[in-house]
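Naming follows writing order (A, B, C, D, E and F), and every chain is counted from residue 1.
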Amino acid sequence: MEQLLSLAAENLISPIILCFVLGVAAALARSDLSIPEAVAKGLSIYLLFAIGFKGGVSVAAHGIDATLGLALLAGVVLSAVLPLIAFALLRVMTQMNRLDAAAVAAHYGSISIVTFVAATSVLESRGVAYEGFMVAVAAAMEAPAILSALWLVAKGGGADGNKGMDSALLREIMLNGSIVLLVGSFVIGWATGEDGLAEISSFIVSPFKGVLCLFLLDMGLVAGRGLREGSKILRPAVLAFGVLMPLIGSAIGLGFAMALGLSSGGIALMMVLSASASYIAVPAAMRVALPEANPSLYLTLSLGVTFPFNLTLGIPLYVAVSQAVTGG
Amino acid sequence: MQTHRAKRVEITIEAVMQSRLTDALTKAGVTGYTVLPVLGGSGKSGAWSRSGQVSRASGMVQVVCIIKPERLDDLLGGAFAVVERHIGVVSVSDCDVLRAERF
Amino acid sequence: MQTHRAKRVEITIEAVMQSRLTDALTKAGVTGYTVLPVLGGSGKSGAWSRSGQVSRASGMVQVVCIIKPERLDDLLGGAFAVVERHIGVVSVSDCDVLRAERF
Amino acid sequence: MQTHRAKRVEITIEAVMQSRLTDALTKAGVTGYTVLPVLGGSGKSGAWSRSGQVSRASGMVQVVCIIKPERLDDLLGGAFAVVERHIGVVSVSDCDVLRAERF
Amino acid sequence: MEQLLSLAAENLISPIILCFVLGVAAALARSDLSIPEAVAKGLSIYLLFAIGFKGGVSVAAHGIDATLGLALLAGVVLSAVLPLIAFALLRVMTQMNRLDAAAVAAHYGSISIVTFVAATSVLESRGVAYEGFMVAVAAAMEAPAILSALWLVAKGGGADGNKGMDSALLREIMLNGSIVLLVGSFVIGWATGEDGLAEISSFIVSPFKGVLCLFLLDMGLVAGRGLREGSKILRPAVLAFGVLMPLIGSAIGLGFAMALGLSSGGIALMMVLSASASYIAVPAAMRVALPEANPSLYLTLSLGVTFPFNLTLGIPLYVAVSQAVTGG
Amino acid sequence: MEQLLSLAAENLISPIILCFVLGVAAALARSDLSIPEAVAKGLSIYLLFAIGFKGGVSVAAHGIDATLGLALLAGVVLSAVLPLIAFALLRVMTQMNRLDAAAVAAHYGSISIVTFVAATSVLESRGVAYEGFMVAVAAAMEAPAILSALWLVAKGGGADGNKGMDSALLREIMLNGSIVLLVGSFVIGWATGEDGLAEISSFIVSPFKGVLCLFLLDMGLVAGRGLREGSKILRPAVLAFGVLMPLIGSAIGLGFAMALGLSSGGIALMMVLSASASYIAVPAAMRVALPEANPSLYLTLSLGVTFPFNLTLGIPLYVAVSQAVTGG
């Protein structure tokens, strides 16, 4: 426990977290500090490219075994199942209607790649190794949750004419930019291996953490603006869900990861993926498929509550647990 | 200069719906349109701004379409089917165009 | 399609005045507006362009607002109080809208 | 509020022709215009989008110009000489403006 | 003197200056070379973040003493007083009306952070140390000048209905993006110290000068465009003010800095801050508060005259003087 | 031959090429992956600045001799003459009309700076030296081709009223942003030399290849979108031209380079410049001067056919030939 607290404290005064806090504070204080949309997208492209590439190189270095396939499968199952749990929880804990509950649930089955990136950087600074293929697991977990959520809505029936999934949407989800970039750069890293990394490591490795700082500053600004607009929506029960669900998700992720026999770092990352909530791909899919669901509900919960929780308390907790269970 | 009566239709719609809308317009016989970026806005569903956003979820575009008056009903029918369940605004005004053979 | 008469107000105003204008519009009972980015322009105070600019000092935005005709005077009153001492252009045109209940 | 009749001319034109167009407008006696960015579009010459583009070759801008009605013909003449051989759309609509002394 | 000249010459052929010159030349020749607005903003966010962070780390390393508080106070006083001098000078030297003179004066009380950054990079390449907290002094000097200028206008009375300062404007000025980012990253650097710097130094330290080059290219482009449009405004007396005022400002800054007992580098930076004129925060505030003042006047003077003067001749002069007075 | 194949294979699995392939694949699959226009422009500004600067530094280091002047002249002649050959070939091989053929021809006389950059990075990773002034030759080759093409159109006469060249267009072409930035940074690199490079090398040298990867990802996306729209235009004869012309161009470039007595690396780069086709400056000039020519024809050919050909097969071929002829 003491170790956990010191880890949390150490985590809290890292530049990464403080940049997020700065962004939230600036937005809440209504400062006009803002990062242009194009720059924010550029930073996110950089992060996806770098994390995918490094994951691929690591797989090239350590070889591939049966665990990779099983871990991908586990990711797909987690992503598909977690929304069902989230949905049930929302319906029990809050008075949310089916549609909003399904939309929120989709976010919690899917993943937040920045949370994943922040977790890898904590692991690296603590010298904990992890499976390079976890970035592929992250990609595999992006989409299935959306299908689960749409199934929940369809099952609920409804003369309200939700058309839900069509083939155009399915293609959009599967080929969404962040999945393609993550998987693509993973494959490139895998194909070019350590030689490829050596060529571009002073671009994708050395400045990585600094770029992450600026990106978190931006996310803080966006989250803060969302909280300012959407805080009225966050009734206590909804807020509680935003903290409880990542804990439940991470516990389930822990079970899967231990069953797979992942390393201590891999377990921590599987917990992080299960605990994190999407804020890029899923919101866009929800606007198309479930336009009547309230976007400020799921955006505020995911980006304004669960993301900061994971970033500050969740990650050190998941790392501590993963080390405890592996006797690390 | 010789000008010709036409209709200017301006559709403000969520960015995620852009390709669905332009596909519908094309199916409705529209021969051209122009897409303008939108910085932010406000409406029944609250205020929003693109600054710092990475996701396309909260963001809109404005599709401007100039057509012969007789095509208006087809266009509005096609557009309405797309915007119906979504937030957004459709407005129509009269205008005169040069080079009417283009529309 | 069933459409309804409305007014389209287009206000080109300095970026630094955007929030003051939209606050004034909201106070004047406007329920929605859309903000478009502006690349550059020219007028009595000379030509300008946003390219390479860091400061918000030289830059404008276009606020488009569609309203019921009967609300026009309130809107123009509110807008005028903001733009009065500033550079910028306010224009009003007639339009027809779908889904009039939204305005 | 006191408003005055005016014309709103909207010219969608290739970005490479922007300065030639605005020079022509200025020569035609126009005292002001506003340039809006365009994200993409479609027409006889196919669909295009600015995303990821480095060259200015495929990209358009929208020049909006509000003028006194009596100046319209000069403006259209000047604009037409520029757009004639190029792709693009010129439309004119009626509007009312505040502060007519500015136009 | 000889040393000063050689320092100036050496300064002049640095990539940083030449990039600015390239930008001005390209704009004057009407080349279509341009840097997208979003990229320019991205570069400025990077520079503010990096310089703030490094300042904070340096304070964390060297500890904090009474000088910090006094230096901040000195900065506020300088920022508030310099506009009064600038205003008097403008009214005497040029036929500028009260409104324009007050607006110009506000710019000269406030500071240009890029001039500051360029000066720190000259100091660093000459191995001259300076107080890390000078970046906080820079932040403190941004806003007071605006209040002085509005007071000058209000005092001048006027049925022309200048509403001047209101609470919204005051918040905008104090929480303007560049102040928030500078102070925020300063605090983050302070909190995380050398450890934090080690994590992100390959992002904020190594590429710093190169980024500064591109930013100065952009400033050259903007300044050149401004000169093309606004050069007719620059009557000789106005031009003379743009060169004289930084000399006066730096002399007063020198006095304050020596009274505070700053190091040689700190003295140079205090002179630079006093000599430099704002071109980001103050112009925006002037458009809101004094819309009738002529923007091409203050933008052309600040960015087209005083900034290049400081960059090329001013900085080497201030550094030489600061070394002379400290016997360095 | 074997060596050539292995070089090509090695070339093909580099991160740079694979990023281009990823972009093309993503666009063909209609993924919504995209790089914002401002970011793409920012990347290209970085690449032009870095390659120009490094070229200048290399000239400063190795001194300047008569070859520089002759090489520039050779570049201008090549750029002016290649369009005539391309035009004749197009008229013979395809049924293209005069206007379209002239517009396409202009692209093949001019150059693609990214192809040049990719070639220098192949040379560097193989340890092959080249003349630093080749970047100036690249700049010199950008514009003359346009004049040749307009002359071809004017000569063809035509009541269709092609106004062709006017003084505004001439200024736009000569002072186009990429020429100014390339030449400007070349001069800055030359003036500041190794000292200047030392100051900013961790910005312009270390991360260079990684930035190039992202830029090629973007070019792949744009090329893929172009192929999707324009593939119907690519009749077999047109496609064949897109592969044949770079081979012819490179052979002529080889002749000029050997006559000049360039080093093995310099020969390879002269071949690359002659083989490559413009996709930034020339298309923009054609829209102004020859608006009736079909842009999807020249854009698809240049970016969708010739660029990938040079990137994957052309560069290794030209490098192999240049080494063979110099006995390297």
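Throughout what follows, contacts are C-beta pairs under 8 Å (C-beta built on N, C-alpha and C of every residue); 3 or more make two chains touch, one makes a residue touch a chain.
Bear in mind the structure is a predicted one, so any value in this text is a computation, not a measurement.
Visitor: State which chains count as neighbours of chain C and simultaneously of chain F.
Guide: Touches both chain C and chain F: D, E.
Visitor: Sort the other chains by how far their Cα centres are from that of chain F and give me the top one.
Guide: Result for the farthest chain: C.
Visitor: Expressed in ° and rounded to a multiple of 5, what is the rotation angle of the C-alpha superposition of chain A on chain E?
Guide: 120
Visitor: Could you work out how far the Cα centre of chain C sits from that of chain D, in whole Å?
Guide: Here the centre of chain D sits 18 Å away from the centre of chain C.
Visitor: For chain B and chain F, what's the span in angstrom between their mean Cα positions?
Guide: Each chain's C-alpha centroid was found; their separation is 38 Å.
Visitor: Among the residues of chain A, which ones contact at least 2 other chains?
Guide: As it turns out, chain A has residues touching two or more other chains at 32, 34-39, 41-42, 202, 206-207.
Visitor: So which bits of chain D are touching at least two other chains?
Guide: Expected reply: 36-37, 49, 56, 93-94.
Visitor: Tell me the shape of the graph of touching chains, choosing from line, ring, star, complete and other.
Guide: Chain contacts: none of line, ring, star or complete; other.
Visitor: Sort out which chains touch which and give me every pair.
Guide: A-B, A-E, A-F, B-C, B-D, C-D, C-E, D-F, E-F
Visitor: Which of the residues in chain E come into contact with chain A in the complex?
Guide: Touching chain A: residues 36-39, 41-42, 45-46, 49, 53, 171-172, 175-177, 180-181, 184-185, 187-189, 191-192, 196, 199-200, 202-204, 206-207 of chain E.
Visitor: List the residues on chain F that touch chain D in their complex, please.
Guide: Residue list for chain F touching chain D: 34-37, 40-41, 44, 161, 168, 218, 221-222, 225, 229, 279-281, 283-284, 286-288, 291-292, 295-296, 299.
Visitor: List the residues on chain C that touch chain D in their complex, please.
Guide: 10, 12, 36-44, 60, 62, 73, 76-77, 80, 83, 89-94
Visitor: Would you mind writing out the residues of chain F in touch with chain A in their complex?
Guide: These residues of chain F touch chain A: 13-15, 18-19, 22, 25-26, 29-39, 42, 125, 202, 206-211, 213-214, 217.
Visitor: With touch defined as at the start, can you tell me which chain B residues reach chain D in the complex?
Guide: It comes out as residues 1, 3, 6, 8, 22, 26, 31-37, 61, 66, 93-99, 102.
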